[in-house]
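A, B, C and D are the chain letters, set down in written order, and residue numbers restart from 1 in every chain.
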């Protein structure tokens, strides 16, 4: 037996994404955001996207490009306080925004990746985050039904990949990438480094290649990936 | 493992069934082979064949099984066999292992069976009063693999059919079996019921029908053999 | 970070509040410090103090913050500050990060506040019509840390009290705040309502009551200062 | 800041477990089973235990010692086919056995570790595994409510630990250990190797020390841990 090769170009991998797709984007702030894949989404002019991401990055970087280019219909997010463009687009009704508690967004995505239909939680009960949600009673306790989330596509930023799609991440660039890399019909990875099969120890793999469809090696790390001077 | 090609000219009927089942695996698939007959499919894959074998105790990319002397005490498959890694293998915990199964990343599972119904129902984990050790991972494999096929002898030790109109034993999963490989035939589960697809060489369609506990629909033209 | 001891003799009232809050952290605790004032608590911990600081973007064991020049582009806290690892630090994904919070492994969280009610209700994420960027991880921190304390100025910029009988803003969590550190006092949330625990030096109980939008229960004897 | 030291002796760590405790045991077959901690449970004669484990090991090893010594009241398990003692004890009513689908047991434990109350799944619907379980309807689909599981104690086998409790596992010895190590009020780890703080790369940690209470270095690896000749 041998493991198949999933390396491809970014152009080709992104070309398969249809307009109207539901797209998960890894990252929390700068670390782990697939900036180059987002640029390719913009370059190919994919429209009417529903984007799922922890945050809206900052003005002029990452997910903000999709807002400015008018390619995003809806944003499912935990916090967009650092991006005035995103807040303005929300307030002016140019994008629809759904706000989630951060850990519940992570768990809903993970549940999607785990093939579960929903999780039951008391997080957000008696707050306005519970409004409109299904409530059930279990063992005498009222709980919120938080449905699993899956996407058409997940765009993932890895530090290192092998051709089968086994991935590792660095430090806090891990964040939402592993759960998202399990929760989409098509998982596209940009990687800072590509190593041969066997180049990642089987114990060190953080996302098993089984979940991954396309590996796109990055040819350069643009300044968006860098340290932000504030 | 055979030498660059799928096995040919296997004589023993069970081995022939296993060799035929191996040809069900397409390049690039992620496959889980159940304990028993299905595990033997591995021996009939061409060397270097691009396939990712999954085992539910937490490994994708199973390599060849190892003899006692060469075994790693920390590396087994779900049946307890000592296996080896390939370049590109990964290990993960039991939650991730079944995440893969339930979320649709398992292209194919090959399972054993006590009974299969013409509706695709499968019973393979419990004989009430005699054998009820728990289903392990079988429920999820049978319910969630993108394609579920069964490897089984066509009849039990007493000669009773295992392919039935309805299962009599507790079900593992309802309506998910797509194809059955036996020592006598390859049988598909279709909306009309069982359909004969191939015959073991030397076996007739009539013999297969007589060993089957439900109507066997025959194809229009010649029936291929394996 | 101070030199082996908790900070003493801090003059600025806000800095004094932060220094006092730092003494709330017992050795061995797992602690999450919210964005803003709570983050500054770190500067008042004795060097080498045994504490595991958690940040919700996926790290346990935060070390000192780093200047721009020394920063690692992949290593930030949830507020975006560039931080460093300690010996024994671990990184994990966002699901694991909140698993830790919700399952009771977070001993203490220190959060900022717009409003705190005498019942322990907290509002710190939304001012309808003005400010609604999303709650991030605050809902889970406020609802599930074993102990929730708040660091806030006693009144807002216009001098209005932030400690109230009832919150007027959308809640972050209901009934979980145990203690409030302000520039004027340390106040506990008790079954009877707010109870004055300590006074900032130079402040009287009467001044604190006047700046508080609910009854402040006074202790029987002398009131310690900080 | 510095991270606290959680190393202790096995005697002391196990002494804190009360009779009647709900105990999770890592392991799938031999790999990852905390054999030495189980021996200490037996030596200290902890009674009336509810044990949660993937399987019942084989006769004469691991969980079987608890059955033979009559210390186990109930076993929650996915498969016990390799242990005739366990099947006999079940059939004779000496232990109560609850059978779970393997991945659902893993998810129920993980949900406990993640502070969720339950998961919703279609696994086992229309089979006898669904009998007696709460069913709810979500978006027109019937789903089983599978409650989260937490234990009083989890006994974990690691390959490597540091004094704060950061853990790594080897190969398929990982299995149920990481989810169980998140899902108990008290997590006790036996480790083949103990390294100083910083001896495990922060990216390589598989169970963060935050979840762990006690680290017990193994002084020997008994033959139970070895390759089983069949």
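The working rule: contacts are C-beta pairs under 8 Å (C-beta built on N, C-alpha and C of every residue); 3 or more make two chains touch, one makes a residue touch a chain.
What you see is a predicted model, and the numbers here were worked out from it, not measured in a lab.
Fewest steps needed to get from chain B to chain C, stepping only to touching chains, is 2. In this assembly, the chain whose C-alpha centre lies farthest from chain A is B.
Centre-to-centre, using mean CA coordinates, chain A is 32 Å away from chain D.
Each chain gets one centre point, the mean of its Cα atoms, and the points for chain A and chain B are 36 Å apart. Remark: chain A and chain C have CA centroids separated by 30 Å (rounded to whole angstrom).
Residue positions of chain A touching 2 or more other chains: 107, 114-116, 121-122, 169-171, 174, 202-203.
With touch defined as above, residues shared between interfaces to two or more other chains in chain C number as follows: 59, 85, 91-92, 95, 98-99, 101-102, 144. With chains as nodes and touching pairs as edges, the resulting graph is of another kind, matching none of line, ring, star or complete.
Chains touching one another form the pairs A-B, A-C, A-D, B-D, C-D. Residues 107, 111, 114-122, 134, 136, 138-139, 141, 143, 145, 147, 168-171, 174, 202-204 of chain A are the ones touching chain D in the complex. Per the touch definition, chain A reaches chain B in the complex via residues 1-4, 112-116, 150, 162-164, 166, 182-183, 196-198, 200, 202-203, 205, 208-211.
Across the interface of their complex, chain D is touched by residues 55-59, 68, 71-78, 80, 82, 85, 91-95, 97-99, 101-102, 126, 132-137, 139-140, 143-144, 170-174 of chain B.
Residues of chain A touching chain C in their complex: 28-32, 54-55, 77-82, 87, 99-107, 109-110, 121-124, 126-129, 159, 169-179, 225-230. Against chain A, the residues of chain B that register as touching in their complex are 27-28, 30, 42, 45, 48-54, 59-63, 85-92, 95-96, 98-105, 144.
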